[in-house]
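Multiple structures follow.
Same chain, two partners: chain A is paired with chain B first, then with chain C.
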Partner chain A sequence: MTGAALSWRQFKAILRKDIVMELRTKEMLTSMGLYTLLTMVIYQVALSQTGSAFNVRLIAAGLLWLAFVFTSMLGLNRSLVHEKDQGVLDALLLSPIDRPIIFFAKAVGNFVFLMVVEIISLPVFWFLFLSGGGPASVPIFTTLWQLLFALVLGSIGIAGVGTLLATMSVNTTGKDFVLALLFIPLMYPLLLPAVSSSSAAILGGMGATQQFWQGIGIMAGYDVLMLLAAYALYEFIIGA
Partner chain B sequence: MTKNRLTMWFLGLGGLITTVTFFMAFFYAPPSLFRDGRIDFAQKIFYFHVPVAEASFLVFFFTAFYGVRFLMTRRKEFDTKARVATEVTLVFVVLTLITGDLWTKFEWGAWWVWEPRLITYFIMTLLVIAYFVLRSSVEDEERRAVYAAVFGILAFIDAPISFAITRLVPSGFHPVVLKSGGLEPPMLLTFIIGQIGMLMLGYAIFRLRMGEEVTRERLETLKAALED
Partner chain C sequence: MADVCSGNAVEVQGLVRAFGARKALDRVDLTLPAGAFLSIFGPNGAGKTTLVKVLTTLTSPSKGTAKICGLDVVKDAVDLRSRIGLISHNPLLYPDLTAEENLEFFADMYGVIDPKQRIRELLASVELDHRRLDPVRTFSRGMLQRLSIARALLHRPDVVFLDEPYSGLDPHAMDILDSLIAQIREQHTFVMVSHDLAKGLELCSHALILAKGKVVLFEPRERIDPEEFAALYRATVGSGVA
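Right, the complex of A and B next:
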């Protein structure tokens, strides 16, 4: 068997293990989904004094990403705490698998779970906060595909950098607190264009298309750069 | 020994030069004027603020540099150097934030404005703090060094990206002084001298802290040898 085919099989095996385990326990999706729902309750409290004149649409993109960032930290932490507690990480290290393959398999697993949670919570968010209508200057179809595009690029960055950081933070005494502290400042350059392009997708108006594509471009650049760095550095982390 | 003497020279000269810059800023560099002819005294902080900011970025580079060196060689001295460089970065970054903030309050009337450079330094401060929290949160020494090196490298990549990205979002707050060519020669001279002094100080602080660390490590080794 050629090296590439073997790598692909190893990648699939690790990814399948994560997905099968999740389908049996449904632990990560439930906790992440419910956490997002709870965040929306907090949003209601935060917005309770704004009155009817306030247009939630203006900050909708920011609210969405806020919920996703926090829920992703919960998921990232979970996905590696299990591995460590049950000794899977050690077993993976003992097996003759290239380290980058472990990284990509774990990162793709995290990406899939994050996307599932995002796609489920998007209509919930719309139902709870935006269903009252308002100035619909953008066709719903445009908004949807643009939002999805932004979500995919944002989640790639979150899952890629997050998997690396979570592999570090599970081995610290601070665990999830350390993850948050490392994660949020590193995520800042991704979140800003993510909110900018999602906002353009939701609000529309003058220059929205340009704003959207500019944000998408920056996110793509960040993803490529940070994934390359994470890919190069993962071997050191997992071997330490 | 010669290296120690060099450090002391740098410390002395750096201190002297930065003090001279302070006086030059007030007595040599001409005052910067507002459009309506009033004197802009707050601009004087520029001779301190910008050198500190640039020095902080340069020192932060060494965090990443020694991080790479450590991962390549696994020698403990590079880890110590990276940590000390990050300590110096913390000092400079905090000084940048404070001096920048004084200016912000005077010029824009608010203690804090979410503006590209302020955000970048805010993020940098958080990254540096996270670096130290990460270190203190890992018990195994070898692992701590590897994690710190990796995070140092990621943080150094992240900082300029934040800077570039915040600039892409249009905001017309922070004056881009060097770009507009608004510096008269005496102003530029004062600024350059201040920059040199600040870099010397940065280097001296780094060397002094390193000397301290080396002595401390030697003491630990001696203690361990004594117990055996």
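Right, the complex of A and C next:
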């Protein structure tokens, strides 16, 4: 078996194993999904006294990304837990696998779980905050593809950086705290264009197309840079 | 990549592994021929598990060299990993996957050819074929250890590391493990960490006592008098001094 064929087989095996175990235990999806929905309920309570003059559309993209970033941390904290808790990480590291393959398989798994939660919670968000009559209503199908595009690029960055940081923090005491401490500052350059392009998708209007594509471009650049950095650093980080 | 182990299976020269100022391994030298069975003894904190971790590429040496079947544990780590297997007191299996799914996963990790056939053979040899579709979390300690042996042998390694494999096993499970080791004894080189002197000496062709990271004794089994060995071991464990 050639090196590339073995790497592809190893990548598929790790991804398939993570998906099968998640479908069986539903640990990540349940906790992430519930957390997102509860966050949205709290948003609604927090915004309930703002009155009809307040246009929630102006901050909708920020609210959405806030929920997804904190939700992702719940999942990322659990992404290496199966390996760590059962000591299986040693068995994985004993196999003849290039370490970046572990990173890419884990990151793709985290991306898939995050997208599932986002796709499930997006209609709820729309219903709670953007579907009302009058100026607050947004035509869903005209902006949906743009919003999904922004979510995909943002989620790639979250999954990539998050997987790297989750690996760094898995052996530390207080790993939840360590992950949050490292994750939020590194997410900042991604969050700004993510909110900007999502906001352009939701609000529309003059200059929205330019604002949207500008945000998408920055997110794509961030994703490429962070994935390359993670690829280069993962061997050192997982072996530390 | 070197051919199948024919000369020395393990070659260690001047090996040092330091954690800060503390040396877990201190200038360890060791040569073990292919097909040998090395039992490693020593008190807690002697460096036994650290030695196994270095030899299995799970941690890097601070100084010195270590080779398995001619492959350097640092420079040739990826190739070397396909030549070794590890059976630990921890089964290194995913509890939420079935026995078969666990072995399929590790067969993919090692690029095992015709994995279904190999998994069938191994599950039969560890007497777990009737439980192949059950989640591993439902297994007893003995069954976990048997499945762990199947996992470690999936890719037909040249050198098998056993890190306190009898730990926590009941007498029946110990008998099964003995019989499995006896079945595969001829085809592999073994390196076993043990606290059980009698068991370790019974199985080994070479014995090593480590204390404070240093080699106290390394001899072929035929040169060892069990009573003198036991006395030396007790003195080493008692004083913790090399």
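Convention: the second predicted complex is superposed on the first by the 231 of 240 C-alpha atoms of A that agree within 3 Å, B and C clash if a C-alpha of one lies under 4 Å from a C-alpha of the other, contacts with A are read in each partner's own complex, and residues count from 1 in each chain.
By definition in this document, a residue touches a chain if its C-beta (ideal position, glycine included) is under 8 Å from a C-beta of that chain, and two chains touch if they have at least 3 such contacts.
Every value quoted in this text rests on a predicted model; they were computed, and no experiment measured them.
Novice: Going by the contact rule set out at the top, does A:Ile97 touch chain B (first), chain C (second), both, or neither?
Specialist: So A:Ile97 only meets chain C here.
Novice: Which holds for A:Val56: it touches chain B only (first), chain C only (second), both, or neither?
Specialist: A:Val56 contacts neither chain B nor chain C.
Novice: Examine A:Ala220 and indicate which partner it touches, taking first as chain B and second as chain C; both and neither are also allowed.
Specialist: Neither: A:Ala220 stays clear of chain B and chain C.
Novice: Taking the superposition as given, does A:Arg24 touch the first partner, chain B, the second, chain C, both, or neither?
Specialist: Second partner only, chain C.
Novice: Is A:Met168 contacted by the first partner chain B, the second partner chain C, both or neither?
Specialist: A:Met168: touches chain B, not chain C.
Novice: Looking at the overlay, does A:Leu6 come into contact with chain B only (first), chain C only (second), both, or neither?
Specialist: A:Leu6 contacts chain C only, not chain B.
Novice: Considering only touches as defined above, state whether A:Leu181 meets chain B (first), chain C (second), both or neither.
Specialist: So A:Leu181 only meets chain B here.
Novice: Thinking of the overlay built on chain A, is A:Met40 touched by chain B (first), by chain C (second), by both, or by neither?
Specialist: After superposition on chain A, A:Met40 lies in contact with neither partner.
Novice: Chain A residues touched by both chain B and chain C?
Specialist: Touching chain B and chain C on chain A: residues 239.
Novice: Can you tell me which positions in chain A touch chain C when the two form their complex?
Specialist: It is residues 1, 5-6, 9-10, 12-13, 17, 20-21, 24-25, 82, 86-88, 90-98, 239 of chain A that touch chain C.
Novice: Show which residues of chain C lie in contact with chain A when the two form their complex.
Specialist: Interface residues on the chain C side: 56-58, 60, 78-79, 81-82, 84, 86, 88, 90, 92-97, 101, 104-106, 108-111, 113, 151.
Novice: Show me the residue ranges of chain B that touch chain A in the complex, using the header's touch definition.
Specialist: 71, 119, 123, 126-127, 129-130, 133-134, 137-140, 142-143, 146-147, 149-151, 153-155, 157-158, 161-162, 165-166, 168-169
Novice: Which chain A residues qualify as touching chain B in the complex?
Specialist: 161, 164, 168, 171-174, 178, 181-182, 184-186, 188-189, 192-193, 196, 214, 218, 222, 225-226, 229-230, 233, 236-237, 239-240
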